[in-house]
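In the two complexes below, chain A is the common chain; its partner is chain B in one and chain C in the other.
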Partner chain A sequence: MEYVYSILILVGIYVILASSFNLIIGTAGLVSIAHPIFFALGAYTAGLLAIHFHLDPFLGAAAGALVAGAFSLMISLPSLRVSGDYLLITSIGFQLGLLQVIKNLELTGSQGGLNNIPTPVPGPERGWIFSAVSLAAAAATVLVIRWIVRGPYGRAIRAMRDDELAFVALGRNAMHIKIMIFAVGCAFAGVAGAIYAFYYQYVSPEQFEILASGTMLTMVVVGGMGSTWGPVVGAVLLLALPQAITFLRLPLAYMAPLQGMLFTLLVILFLFLRPQGLVAPEAPAPLRARRK
Partner chain B sequence: MLDPAVLAQILWTGIATSSYMVLFTIAFALVLKVLKLWNFAQAGMMAIAFYAMYVAVNQWGLPTAAAIAFGLAATLAATLAYEVLGLRTLRARRSSSLLFFIFTLVCSEFTAYALTLVFGTEPVPLFPEILSPTRIVAGVAVSDWDLLAVGVTILLGAALALYLRFSRDGQFLLAVSDSAELAELYGIDARRAYLVALAAASVFACAGMYLYGSRTAVIPTAPLQLMLFAVIATLLGGMGSVLGGALAAVFLSLLQSYSVLVIPSQWQGLILYVFLFVTILFFPTGVRRLWNTSTRS
Partner chain C sequence: MSAVLELERISKRFGGIVVADEITLEIERGQILGLIGPNGAGKTSLFNIVSGVVPADSGDIRVAGASVAGKAIHERARLGVTRTWQNMRLFRTMSVLENLVLAPQRYAGESLARLCFAPAGVHAADAEACERALGILGRMGLAQLADSAVVDLPYGQQKLVGLARALMNDGRCLLLDEPMAGVEGQAYETMKAVVRREAEAGRAVCVVEHNISFIKDLCTSAVFMSAGRILERGAIADLLASPTLAELYFGG
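After this line comes the complex of A and B, so read on.
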């Protein structure tokens, strides 16, 4: 049963990550691949606060979200004022640079990672409580993002993404929207990181390298970039896939690259055969209203 | 007080070490210039080049020249498939830059995973012996590898400059880099120019991996890190300037080498990222453009 719980917890975590990444890359069209580092920031912040200050896990998750959101400004403020390409390059540099710092700081456990993070729920109840919290957090994330995207702010985001020049010409502040969306998306990743840290009680820098960006990207592209439910479908599907490979009972050395190959191959196939993903983006709400 | 001999040694070693970085940067900057594409798949091409040469040398026992030829052929074949089957389709569909970016990145990752599956994660050098004979010249240790690296880089850099300046195909590349649509109106085949630019980039990537792999052990994900250096150098040198990128690569390599004197070695990698932020904050169009602007004014 513990195995099923761990899968459910991962589903919750990855739904949060994929949905928030989709908000940034799909809905707002901001080309960044540094999402794993905000996941890491949430995990390390919650873990460190729990180890050193025995902070309440909900406050730890809130702190993780806050730190991830605040750090997102370090990328968005300098790079968004120039153009999309710069955000991409800055995001890669930021991710690898911060990982370099994490790997060298004693506070974060250096290369070995941060371990002995106290669990807020000890005992046999742990599995289902964490599953419930993770899935509830995932549901809340999806609903909040859906609410943002379907409301007037969502229309503004899409307008900015589709034609920034016209959007600015209408007197709207594109920079403000970009920075806000980037911060909100990264804050959600911070929450996912906190759940991860509290459940696994161990965080290591290797988990957040550039290849982790590929996994999240796969979930978004396969699920459907720009759609609310696409990343949810993508996350569930791509977490189920490695479980299916597990039954092949291949040596561990083959498992990770094989899984990575499948993920990246799926992205390539979807890019060419079904670029809209499994769940195509919904038509904007006002358009549907007019059709009625 | 710092010993001048030590400073001279760091300077020479830094220049020699910058050679493969210069080659990777030229490859990256050339593709960016002509195709207007942040070609993250270059890391995949670099990995293919290295492992093809590795197989040729260590498993088939081929001589070095044949191994390089095989590595180049494998890289060119992969590049051709990448352009013809991938990039052309995306261009024909007028895909967004986001899709191009995703495609280049996943191509690179797919290659890294596939090579990890075949070769594992154990670092392997191209040759069993990575030390080369060394001599002392004016108090500075100069190895055969250093001379080869600097020589190859200068030779290939000069060949590219001459090709772009004097050959018809080179001029076409420059025309397409200025405006592909306009170039096509004048009868220039832009698709051919893209292919030529990618092929030239493959040559540089292959040469760079030969130099890097003959001195250092490589793992399948190493080219991703190496390519990031090329990205930063391209940005620093000014997007669209191949020479600017190459000079920036030398500068960054020297900076990293000299930083040993003041920064603990484990923090050296961070210098690159600091530079990235400084560049984007203060010189978003590159130092070269800033220099041009100030000279004109």
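After this line comes the complex of A and C, so read on.
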């Protein structure tokens, strides 16, 4: 049963990550790959606050979200001011650079990572409580993002992507929208990080490398970029895939490379054969004229 | 009468190409100024400079007395600079109504904070914008098209939607970039009537147009531009009567 719980918890975490990454890259069209570093920021923030201050886990998650959102400004403010294309380059640099800092800072446990994070729920109930919290957080994330995308704000995002110049010439502040969406998406990743830290009680820097960026990107692309449910499907499917490979009983050394190859293959296949992903973006709720 | 839009010695060059050379211009409330001249004279470039798409090298631009030089495109729009585009630039995944609802100088749905903490206000603003948009569409004879996707409309009607979206923006100065290009028949008459009515309502209007009869019918005065310079200003009939200008425009 503990095995099932651990998978449910991971599903919750990755649904949050894929949905929020999709908000950034699919909905707003902001090409960044640094999502794992905001996942890391949430995990380290919540972990450190729990270790040193025994902070309440919900406050810890909120702090993780806040720190991830605040750090996102360090990428978005300088790069979006210039042009959207710089975001990708800045995001790679930021992810690798900050990881180096984390790996060398004593506070964050250096290479070895952060150990002995106190768990908020000890005992036999732990598995199902964490599953419930993780899945509830995932559901809340999906619903909040859906609410943003389908409302007046989402309409503005769509118009911005249709024609940014016409959009700003009407008085809309496109840069503000981009910075905001980027911060909101990254804050969600921070929440996912906090759940991760509290459940595993251990955070190591290698989990947040470019490989993790690839995993999240695969989830979004395979699931369906710009659609609400696509990233959910993508996250579940791509979490199931490695579990499925384990049944092949291959030597452990082959597992990681095989997984990387499969994910890459999937992205390439999907981009060629089904670029909209498994779940195509749903048509937005039309604004109907109400005549008297 | 007070000038709504004032350009003072605006200059802009792209490398060796001069698109604006010490342009000084004023447009007043209720005035419809025609901006004519051969292709490449710098007419659209002047609109780009005023709306902030392209920064001027030197000179000042004032809207209702306040300088907008150095301000971003969206800030100028909020100060009252409204423009249309030669190729319309409509939001192509959207309906006519949605194109208009997004266009007021202030769009309440643009703020996530307000959506979170004062959603009722945002939805009230949305409903009000819908109402206003339907009013504008009604006056332009487009009311029945409100829910149509803009890409499904014929070209002339798309042009009208472009103008309707600009009216929704409600700027005190209205820059129209070739509103008549590709427009004929009913849309032509509508366009003319709407532009005239907006000027009468107190807007300062500037029209770039190659359709001379449209300019003749509508404009109170005109300026003739060539190679980034204003060669002549005055009544449209006088400008066209000048043999040198006629040759620049039609001959060559």
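Keep this in mind: the second predicted complex is superposed on the first by the 286 of 292 C-alpha atoms of A that agree within 3 Å, B and C clash if a C-alpha of one lies under 4 Å from a C-alpha of the other, contacts with A are read in each partner's own complex, and residues count from 1 in each chain.
In this section, a residue touches a chain if its C-beta (ideal position, glycine included) is under 8 Å from a C-beta of that chain, and two chains touch if they have at least 3 such contacts.
Treat the numbers as computed from the prediction; the structure is a model and nothing was measured.
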item: Touched partner set for A:D85, first chain B, second chain C, both or neither; value: first
item: Partner chain(s) touched by A:A174 [first = chain B, second = chain C, both, neither]; value: second
item: Partner chain in contact with A:F272 - chain B first, chain C second, else both or neither; value: first
item: Partner chain in contact with A:G214 - chain B first, chain C second, else both or neither; value: first
item: Touching partner for A:P251 - first (chain B), second (chain C), both, neither; value: neither
item: Most chain A residues touched (candidates chain B, chain C); value: B
item: Chain B versus chain C as contact partner of A:G123, first or second or both or neither; value: neither
item: Contact residues common to both interfaces of chain A (with chain B and with chain C); value: none
item: In the complex with chain A, residue positions of chain C that touch it; value: 51, 53, 72-74, 77-78, 82-83, 85, 89-95, 97-99, 101-110, 112, 115, 122-123, 126-127, 130, 134, 146-147, 165, 169
item: Contact footprint of chain A on chain B as seen in their complex; value: 38, 86, 89-90, 93, 95-99, 101-103, 105-107, 109-110, 112-114, 116-117, 120-121, 221, 224-225, 228, 231-232, 235, 266-267, 269-270, 272-274, 276-277, 280-281, 284
item: For the chain A and chain C complex, residues of the former touching the latter; value: 148, 151-153, 155-156, 158-159, 162-163, 165-174, 176-177, 180, 184, 286-291
item: Residues of chain A touching chain B in the complex; value: 25, 29, 31, 33, 78-79, 82, 84-86, 88-90, 92-94, 96-97, 100-101, 104, 210-211, 213-214, 217-218, 221, 253-254, 256-258, 260-261, 264-265, 267-268, 271-272, 275
